[in-house]
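The structures come next, written out as structure tokens.
Both complexes below contain chain A, partnered by chain B and then by chain C.
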Partner chain A sequence: MPTEASKTDDLGAWTEKILPTDLAGIRESERDLLARLAAVGYDEDHRFAVRLAFEEAMVNAMKHGNKMDPSRSVTLSYRVSPERVEIRVADEGPGFDPGGVPDPTADENLNKPCGRGIMLMRCYMDEVAYSSSGKEVRMVKYRQP
Partner chain B sequence: MPGPEDFVQVSDRGGVKLVRLRTQAVRAEEEVEALGRRLMALTEEPGVRIVLSFLGVQYLTSLVLGWLIQVHKRLAESGGELRLADIDPQLYELFTMTRLDRLFRVFEREDDAVSSFVGNVEG
Partner chain C sequence: MKIQTRSDGGIQIVTVIGSADVSASAALREAFLGAIQVGTTRIVCDLGQTDFICSDTLGVLITAYLKATKRGGFLKLANPQQHLKEVLETTRLNCLFSVYPDVSCALADS
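And then the complex of A and B:
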């Protein structure tokens, strides 16, 4: 069962969830996140961008981080204010070096099926940063970058 | 009982396999896998020509892009080809950002894509 908690600082309340490694479980959090964006008036383009980046980050954490190991969890934190959306996703895998991921748009990599998730996260969010261990990604989308 | 692959519809248009998707979002793992498997199954026919229409689809993720690339590679080996059509402008950005618009021929409408393989087709 996922657990949920809420913390608050000067930028607004964080919602934190500890989710099992189960791709089907991403939907409920996605629905909640998108509902919060809609509630404070983010437009369709912003909601599309956040949805895509959120899902790519969650899938990466479960598939590549936790290797779909059901004994491992993903810690998801997010907060939504009228000015910005902030998301953190942490897995329990060994971590990775995001700089080591080949550029999927390079000619020699165009026909390789992997590596586009991180790129899309960077394209659609205003800030994407990984922890030094490579186990946690933090993403921010501003309403008006 | 409906299966995860039921949203994928395949028909024959003048020798071209036309694949339509009856869903707004291809995102659930089982749907992505089902689409990938159906497309890969089509590649078993040597030289097969496939048009994948995204009409009505408003959301997909990089997992779908990964499958399309695998299908493209398989077809390249067998002399077949996958062409795409009816991609929502917002989704088309995914293809341009990832430069996959260079890997695939993309058409505005499925009829255009089918015609590009076989000439004018009715029906």
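And then the complex of A and C:
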């Protein structure tokens, strides 16, 4: 069962959830996050970008981090303010080097079915940073006019 | 997400309605790869009513494209709306797939 908590600092309230490794479980958190974005007026372009990056981060954590091991969890944290949305996703896998992921837009990689998630996160969010262990990603999207 | 299929002049038209997210990838895989497996290798994917796509479902389209072309067929994309068009451009998959403004254009070029 997912667990949920909330804590606040000077940039707003964090919602934190510990989710089982189950792709079907992504949807509920995604709906909540998108509803919060809509509630404070983020437009469709911003909501599409955040949805895409969120889904890529969660799928990466479950598939590549936790290797779909149901005994492992994903820790999801997010907070939404009228100015920005910040998302953190941490898995329980061995970690990885994001710099070692091949460029999926290179001609020789275009026909590979995998490997586009991190690139999409970087393109659609304003900030994407991995922890030194490679187990946690932090993403920020600023609301722009 | 819903998938509708129809045939036009021997070409299978697969219309994807709604969000092609990770929860939809299994159904999409079955629709495309199932068709190819029974010899339907000339396919147009109508994205006009698709409001979301992720890397997982892009991977399904790429796998189907490779299998179809290997068997002498094709997988063309038609009518992607603005957000999907941007994803295809960002990933440079518009260089891999033939992308048409609508299904009629895709059929006419087949």
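One rule holds in what follows: the second predicted complex is superposed on the first by the 144 of 145 C-alpha atoms of A that agree within 3 Å, B and C clash if a C-alpha of one lies under 4 Å from a C-alpha of the other, contacts with A are read in each partner's own complex, and residues count from 1 in each chain.
Assume contacts are C-beta pairs under 8 Å (C-beta built on N, C-alpha and C of every residue); 3 or more make two chains touch, one makes a residue touch a chain.
Keep in mind that this is a model prediction, so the values were computed, not measured.
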Looking at the overlay on chain A, is there a clash between chain B and chain C, or do the two fit?
clash
Output check: A:P98 vs chain B and chain C. Expected answer is one of first, second, both, neither. What do you get?
neither
Overlap of the chain B and chain C footprints on chain A, listed as residue numbers
23-24, 27, 45, 48, 51-52, 55-56, 59, 104-105, 110-114, 116-117, 119-120, 123
Residue numbers on chain B that touch chain A, as the complex places them:
27-29, 59, 61-63, 65-67, 69-70, 72-73, 90, 94, 97-100, 102-103
Which part of chain A faces chain B closely enough to touch in the complex?
23-24, 27, 45, 48, 51-52, 55-56, 59, 104-105, 110-114, 116-117, 119-120, 123
Contact footprint of chain A on chain C as seen in their complex:
21-23, 52, 54-56, 58-60, 62-63, 65-66, 83, 87, 90-93, 95-96
Using the touch definition from the top, list the residues of chain A that touch chain C in their complex.
23-24, 26-27, 45, 48, 51-52, 55-56, 59, 104-105, 107, 110-117, 119-120, 123-124
